[in-house]
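Heads up: the structure comes next, in structure tokens.
The first chain written gets the first letter, and so on, giving A, B, C and D; residue counts start at 1 in each chain.
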Amino acid sequence: MSLVLNREQLSEYLAHVFPQVERDFAIEEVDDSSITVRLKVEDRHLRPGGTVSGPSMFSLADVSVYALILALKGRQSLAVTTGCSMDFMRKPDGRADMIARCTLLKLGKTLAVGDVLMFSEGADKPVARATMTYSLPPAGSAAAAFG
Amino acid sequence: MSLVLNREQLSEYLAHVFPQVERDFAIEEVDDSSITVRLKVEDRHLRPGGTVSGPSMFSLADVSVYALILALKGRQSLAVTTGCSMDFMRKPDGRADMIARCTLLKLGKTLAVGDVLMFSEGADKPVARATMTYSLPPAGSAAAAFG
Amino acid sequence: MSLVLNREQLSEYLAHVFPQVERDFAIEEVDDSSITVRLKVEDRHLRPGGTVSGPSMFSLADVSVYALILALKGRQSLAVTTGCSMDFMRKPDGRADMIARCTLLKLGKTLAVGDVLMFSEGADKPVARATMTYSLPPAGSAAAAFG
Amino acid sequence: MSLVLNREQLSEYLAHVFPQVERDFAIEEVDDSSITVRLKVEDRHLRPGGTVSGPSMFSLADVSVYALILALKGRQSLAVTTGCSMDFMRKPDGRADMIARCTLLKLGKTLAVGDVLMFSEGADKPVARATMTYSLPPAGSAAAAFG
């Protein structure tokens, strides 16, 4: 499968449809099987104790898989998050950005599954992992979402 | 097991340690086996399309289980989120608050498991479900977190 | 939604298509929103230490949700397990049967989600919980499975 | 971290404590960060339609992570499965063995998390993925399991 949107096109499109994505995230690299996304950690992503919050990591995982599906399927694609499983393994460093490395385990006609490892930048052991699943309604039929 | 903190004490304590909780959430009811928590939905909880965002639902689930553990174990308790699984089943109504109904399936010495159903207020079918797991370090030994 | 298959019809159909189901499981009760299924625990379901094995509990959860979908959708329905999350909370009693209480959180056109609590018979606290998700291909189009 | 048990020692020990493991599984490779385990697929692992059953894949994932923990921690180690999340992505080939490739994302004092990809032998796309979590009671204190 080859990329429909390259890194620049993908970043531009995401900034257009999800303005808050541009503020919080940066697409670092994307190829036809994986993507690397940065969460630009600021105070609003932290929780007491100075670690990156769970919801911020959820966002990072979700944006990463969603962006990779977009890059492969193109702008008209719709992907509705239907499931998520996450394990939180280490305390994230609140003074570092978080880096997500994501691969697609499946990109079928109606179902996509993405796997994400998240690291505090500069650390070699993952802070968290996530698997996100998506329903892919046929183009033009948003009605099928949450089918 | 009986409540160590009642609804008022729990709300006050959460507002003290997590100031943002007070803005976003309200403890509606709590007893010795369950809790009901409201997400006061505002624009910042929405994503394009006008539905409540996944990270907002993650927060709601996490706060609900965490608050119920606090109510049962008391202020000195530490609970570190170690895992989460969520299923998103219906489109939430962005104009309604979300209501989480949470029960604890286990509150052991070192492990807690909470189950959460989330509804758009006034609807009878759940928007999402979540199971959250926590590591409970011995009091006074935060070092054990992320054991 | 009303039942398409009652308890007897459901038991008979399962015994026909999955002969091993009859040996291991019994449908105790089924109505239009829930089902109770018994795992008839024997030595082959145990692991060293005399507790019911994880795979046996996976089977119990999967059979329970699958049977409830069948009861509601009828014999022609196809349901392909696409995901599972389980939490194991207490040691099961290897000398007791296991009882699963299952509800459907969603039964849509293309996606079903079932929630299962599992108990050692006679105990009041759950041994395990599971959420199982299924893809429901349109009748007659098995090709859509694993979409 | 270095291996406490090599492949031969690990296989021998597993055969001793879990006799059924020897019949169903073979440790193909193990090093200090990963393990490869074969499920020797036979009729008893199949379900109608000729595909490998979900419970068989659960077993494969669980045995793989458990064996890798044993290899790294040694024979006295206890690991109690506390959670599992699985995604089933493609139809397994019932005429081929299944190969699990497993890495440990965390091996802490009290918590281990393992990630598993499962393939029908000879295929390059995964049939299923699993994340398994374990509680690691202190040696000699099985009482802490299911803490």
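As a working rule, contacts are C-beta pairs under 8 Å (C-beta built on N, C-alpha and C of every residue); 3 or more make two chains touch, one makes a residue touch a chain.
Everything numeric here is computed off the predicted structure, so don't read it as measured data.
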Contacts common to chain C and chain D (chain labels): A, B
Between A-D and B-D, the pair joined by more C-beta contacts: A-D
Angle, in degrees to the nearest 5, of the Cα rotation that carries chain A onto chain C: 180
Geometric centre distance via CA averages, chain D-chain B, whole Å: 33
Centroid spacing, where centroids are CA-atom means, of chain A and chain B in whole angstrom: 24
Distance between the centres, which are taken as Cα means, of chain D and chain A, whole angstrom: 28
Residues of chain A whose C-beta touches two or more other chains: 82-83, 85, 87, 89-90, 108, 111, 133, 146
Contact set on chain A toward chain D in their complex: 85, 87, 89-90, 105-106, 108, 111, 113, 115, 117, 125-126, 129, 131, 133
Residues of chain C that touch chain A when the two form their complex: 82-83, 85, 108-111, 133, 135, 144, 146-147
Complex contacts: residues of chain B adjacent to chain A: 17-18, 47-48, 53-56, 58-59, 62, 80-91, 145-146
